[in-house]
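Once you scroll down, you'll see the structures, which are given as structure tokens.
Each of the next two complexes has subunit A plus one more chain, namely subunit B in the first and subunit C in the second.
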Partner chain A sequence: MVAIVDFALLAGLAVWALGIVHLRSLFGAAMMFGIYSLHCALIFVVLDAVDVAFTEAAVGAGISTVLILSTLAITGAKLEVRHSRAMMPLLITGVIGAALIYASLDMPLVGDPSAPANLHVVPRYLQGSAAEINIPNVVTSVLASYRGYDTLGEVTVIFTAGIGVLCLLGRHSRKRSRRRRE
Partner chain B sequence: MSTIGLYNYWIVFFLMMSGLYVVIVSTNLIKKIIGLNIFQTSVFIFYISIGKVRGGTAPILADDITLYSNPLPHVLILTAIVVGVATTALGLALIVRIHTAFNSVDEEQIYTSKDSRD
Partner chain C sequence: MEHHIVLRVVAKLLIPIILLFALYVQFHGDYGPGGGFQAGVIFGAGFILYALIFGLQTTKQVISPSFVHGMSGAGVLLYAGVGVISLFRGGNYLDYSVLLSDPVHGQHLGIMLIELGVGITVAFVMVSLFYAFAGYRQIELRKQGSTKQNDVAQASDADPNGKRQ
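The block that comes next holds the complex of A and B.
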């Protein structure tokens, strides 16, 4: 049953992606990207990643779409101009895709409990975190405690990006560019 | 769950390549960012698929459950989603600045207006 749901949802996701590639309307592509992100959140629920699912639904589908839409509103761009339909990009993506599929034949099957990714440090997190950290959600205890420095690094990246956005769009830089245009 | 095999990975590669195709082909900068986001989301699904354990449940500890999916990829992808939005915001801010300087978000038009200005 889970397999059927997984099959159907992933096939649907591929359809959304093709739709985004084909659409020339930028507004349409932005909205379809929102649907695509929400669809991704559904797939994360099926694959047991509930924390990731609600983050994707809130941040990926929500904030990303709002950011793209506000950029569309500021720039006033409506339609994508198609210049040429070269075969080269199709060839490049086809070759890389074939290489990736060839490489995936060596990977353990999806859901294999003895895959290397599921061994190593993970059993210790699952067995030890109840006694060591006393939070039922293992994702939370790994995020905030075992790998707390990762989260600190993430905050640093977001802070840097925030400073970058402020430098680019802050009042000072806008004034300067207006002066230059005059 | 036993019949999925490598199907998840193949769909992920398809999504990855359609994102890459948009980034290469589209000359519109906003569409390029959307393509980049598709690529990024496909990597998220790749990681979460790796962490799936057959017959497991979400990694929230309960007394009557013995088999959980791998929590580690979930943690990595939680970080990646938030960082992804931060980089998207930065990219879109750059596009807004490019638009104020060149009055266009299309690469070809930006190049031609830059040439005529020189």
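The block that comes next holds the complex of A and C.
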């Protein structure tokens, strides 16, 4: 039963991806990206990664769809339909995809307790969290306390990305274009 | 969006619930799924929904761009500041155990504060991203003055600024 659900979810993901490639309307493709993200969120729920599913649903399906649509509004982009067949990109994509699938056969199973990633610091966090931090959600205690430096770095990255977008699109764009005109 | 009465009514009903849910995700992150990042995104999405329905100018009256920019820095400062306080109290940087006399309670307080910092930064960076994207077009249109919109289609390559002379 679980296998059927997994298979159906992954097949659905492929269907959305093919749909995005085939759609000629950029607006439709942007909306379909949102559906794709929502679908990814479902898969994360099945994988018991509820925190990630939360993020994916809010960022992927919500805000990034709005931002893609705003970009379409800014650029007024029209898709240029080309009918030439590009064999080389198809070949490269096929080879890389096959290599990735081949490599995935060597990976440990999802959630395997003896996987190297689960043997390094994970047992220490799982055993220590109850006594040292004593909050039920271990994800939060790892993110916020054990890995506090990493999270500080992530927040700084988000802040920096916001600054970057402001520099490109923000209120200074008028001044810069005037300078370029001279 | 003047005439979409269904959208406006539903948005008015939903936005308070969205913001309340964001606060729940923020402060319940210790006990259930969620945390600062998710809460910030949901909180920002509430304001973005407001801007989509009621217009960018109205939203800028609700929270001004300078407030948004200031708050996106304030979250990072709150996070880093908790680390500095734990330094002053004799611990390592971001070691919350020294924040209070009881180490476990210190951890709780530290996690709550830094999650709040994460949430503030993420929420307001999202809003400022939306302001930048949505406001850009208005600046462009104002610059064009009387020239019609078909100019926009011409300048659809990467650099719309350089083209329009």
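By our rule, the second predicted complex is superposed on the first by the 167 of 182 C-alpha atoms of A that agree within 3 Å, B and C clash if a C-alpha of one lies under 4 Å from a C-alpha of the other, contacts with A are read in each partner's own complex, and residues count from 1 in each chain.
As a working rule, a contact is a pair of C-beta atoms (placed from the backbone, for glycine too) under 8 Å apart; a residue touches a chain by one contact, two chains touch by 3 or more.
Since we're looking at a predicted model, the values are computed, not measured.
Colleague: Taking the superposition on A as described, I'd like to know which of subunit B and subunit C A:51 touches: first, second, both or neither.
Modeller: Both partners.
Colleague: Of the two partner chains, subunit B (first) and subunit C (second), which one does A:59 touch, if any: first, second, both, or neither?
Modeller: both
Colleague: I want to verify the contact counts: of subunit B and subunit C, which reaches more residues of subunit A?
Modeller: Of subunit B and subunit C, more residues of subunit A lie in contact with B.
Colleague: According to the stated criteria, A:112 is in contact with first (subunit B), second (subunit C), both, or neither; which is it?
Modeller: first
Colleague: Just checking: does A:73 make contact with subunit B only, subunit C only, both, or neither of them? Give me first, second, both or neither.
Modeller: The second partner, subunit C, only.
Colleague: After the superposition on A, what does A:149 contact: first (subunit B), second (subunit C), both or neither?
Modeller: A:149 contacts subunit C only, not subunit B.
Colleague: Regarding the shared-chain residue A:91, is it in contact with subunit B (first), subunit C (second), both, or neither?
Modeller: neither
Colleague: What is the contact status of A:8 with respect to subunit B (first) and subunit C (second): first, second, both, or neither?
Modeller: After superposing on A, A:8 lies clear of both subunit B and subunit C.
Colleague: Does the superposition put A:158 against subunit B (first), subunit C (second), both, or neither?
Modeller: In the superposition, A:158 touches subunit B and subunit C alike.
Colleague: Return the residues of subunit A at which the contacts from subunit B and from subunit C coincide.
Modeller: Touching subunit B and subunit C on subunit A: residues 50-51, 55, 59, 63, 67, 70-71, 74-75, 77, 136-137, 139, 143, 151, 154, 158, 161-162, 165, 168-169, 173-174, 177.
Colleague: Can you list the subunit A residues touching subunit C in their complex?
Modeller: 50-51, 53-55, 58-59, 62-63, 66-67, 70-71, 73-78, 132-137, 139-141, 143-145, 148-149, 151-152, 154-156, 158-159, 161-162, 165-166, 168-171, 173-174, 176-177, 180-181
Colleague: Which residues of subunit A touch subunit B once you look at their complex with the stated criterion?
Modeller: Per the touch definition, subunit A meets subunit B at residues 2-3, 6-7, 10-11, 13-14, 17-18, 20-21, 26, 29-30, 33, 36-37, 40, 43-44, 47-52, 55-56, 59-60, 63-64, 67-68, 70-72, 74-75, 77, 80-81, 83, 86, 89-90, 92-94, 96-97, 100-101, 104-105, 107, 109-113, 115, 117-118, 121-122, 125-126, 129-130, 136-139, 142-143, 147, 150-151, 154, 157-158, 161-162, 164-165, 168-169, 173-174, 177.
Colleague: Of all residues in subunit C, which touch subunit A in the complex?
Modeller: Against subunit A, subunit C makes touches at 25, 29-38, 41-42, 44-45, 48, 52, 65, 69, 72-73, 75-76, 79-80, 83, 93-94, 96-97, 103-104, 107-108, 110-111, 114-115, 117-118, 121-122, 125-126, 128-130, 132-137, 139-140, 143, 149, 152-153, 155-156, 160-162, 165.
Colleague: Where on subunit B is subunit A touching in the complex?
Modeller: On the subunit B side, the touching residues are 1-11, 13-22, 24-28, 30-31, 33-35, 37-38, 41, 44-45, 48-62, 67-79, 81-90, 92-97, 99-101, 105-106, 108-109.
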